[in-house]
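Naming follows writing order (A, B and C), and every chain is counted from residue 1.
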């Protein structure tokens, strides 16, 4: 899983901004602040992306498209809001076609301030987002590693006694027991 | 095509153009965060009227005095420098050249600012009512003092 | 009979950094009909400037309509208000305004040329252009304080002065930049693969450009002689050595060459400003309230920009109207698509240099 941390891929969407912060994101991929040496590529495909980078105050026409993009991304995922407009609405706060800030619609993990945000600040924000993302992956990967050990123990026992092994049934029983246990014990947040 | 090939060969042997990833600072004269000194402020609220984005708000006290509280949101500010130019006292508001820091989910800059906006408006209305009452009482006292003096003078004459 | 297909070029695309939507109807890979959808970026700025924001603060809200031509909006609004108040800025302030504006034109044209080269698949050239664009951004940061969105002009002059240390640094960096610009001009004129990709693609004949009122490098690449800097006298362009650049071909190659030559003329104007900067104040106090009507025409990097302002003697204006250059270029775009190959579509859109956040403010 450390392979994924070494090269996260980015999806970038502009929700109605003035293009200032978008130019700084493109300048990040230029030679002076080189972000491709960390393994980050700007691909336009939501099914292959790990980090969603949003700019601009959300206008009423783009909020439906933003939600569809967010739901098409696979778990675990992180959202970074770049610029003063994406954090709280910026200069356009309380204008008639603007929702104030991205976090009225999507849970946001990192806020990067500035008008326009500097490329060094954007790099700091992405580094923070990568640490949060590591914590999230540990929560979702627990299931396979824990179940794998129990499965190997059971299969070894059955082979020693000479019984017929039905692998699918064993995995199905283990997973359903694990999920029921997780649902019953309350999580202390 | 030959030109580009020669240029690529030249770039192999010259120094790189990338900066190190973290740790570089912006140059002198950069328009950065705004810093407030409470001792020099005279509470005229000109900075609140001039800000185009509304990033500075004052919370008014309940007793009608002039002791306001200053609130600033670095995630809403556009760093134009108008408040520093309008301030009549030198040294109360300064623009430094440091970049603002990114924040995470726990700081929650948007929700808290909505609550502060509501508080500021309500407290301003209550403060104006309290100030109007104070002025009426002061007027009454002044009138009573005048009438008291007139009676004293008439008594002395008589 | 061929295969009819409907292809959407949706609002999220990796080639364009802005949301715009086209719906193409193609038959055997040739386009027959187009539907254009602009308006994802509408924020309601004109209404807010008429009800909530005073006329002095509007000068800081208006450059955030667009991030690439931000200083053009700033200067055009300030000149329109100065006409209403009957005030003329001091001479040093006028020269400094020209300096900031021409530096902005250089970095905007370099960005547009890099984007067209990326659509042609030439990534090496993109990286070279971005490296040399960083020199211009450093100059702007020393002069105004920020890389993008410089709040430089204000009613009565400019906000900051040009000190002697900053002038030394500017001269060093601009000298390096000029050598690189001549090298780029050679590449664009003589490179074999770029000529194959761009000559004869997306041709706009002269009659179509005149009939639909195109503006900016799109019109000047087809032989129409129109430029707001030669016709109006808001800033001292003629005494600084301005010339108009016109090419006759009308394809993508001609539009690139127009932008390239405009860069060299801007460099010459900047050297003239730095050598002959007059003494005096850079800012003065202005009295009075705006009353009446005024109009300003200005040349942004993408075409002609138009501002109309009306005031009534109070702090808040009664009417403000903006006409942006990309708004005049969109009917030409629609006519150009019909009959073209579907694979040429990204190259044609990017060669127009669209700035869609200006179009629907």
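Definition applied: a contact is a pair of C-beta atoms (placed from the backbone, for glycine too) under 8 Å apart; a residue touches a chain by one contact, two chains touch by 3 or more.
These numbers were taken from a predicted model, which means no experiment stands behind them.
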item	value
Graph class of chain-chain contacts, one of line, ring, star, complete, other	complete
Comparison of B-C and A-C by number of C-beta pairs in contact, larger one	A-C
Whole-Å gap separating subunit A and subunit C, where each centre is the average of the chain's CA atoms	36
Set of subunit C residues in contact with two or more other chains	60-61, 64, 131, 134, 146, 149
Per-residue multi-chain contacts in subunit A, two or more chains	31-32, 90-91, 115, 118
Per-residue overlap in subunit B, given as positions that touch at least 2 other chains	17, 26, 52, 78-79
Residues of subunit B that touch subunit A when the two form their complex	17-19, 21-22, 24, 26, 52-54, 73-79, 99-105, 107, 109-110, 113
Residues of subunit A defined as touching subunit C within the complex	12-24, 26-27, 30-32, 42-44, 56-57, 59, 61-62, 65, 69, 90-92, 94-98, 115-116, 118
Residues of subunit B that touch subunit C when the two form their complex	1, 3-4, 7-8, 17, 26-27, 29-31, 50-52, 78-82
In the complex, subunit C residues that touch subunit A	11-14, 17-19, 39-45, 47-48, 52, 60-61, 64-68, 70, 111, 127, 130-131, 133-134, 137, 146-149, 355, 357
Residues of subunit C that touch subunit B when the two form their complex	53, 56-57, 60-61, 64, 124-125, 128, 131, 134, 141-142, 145-146, 149, 151, 159, 183, 186-187, 190-193
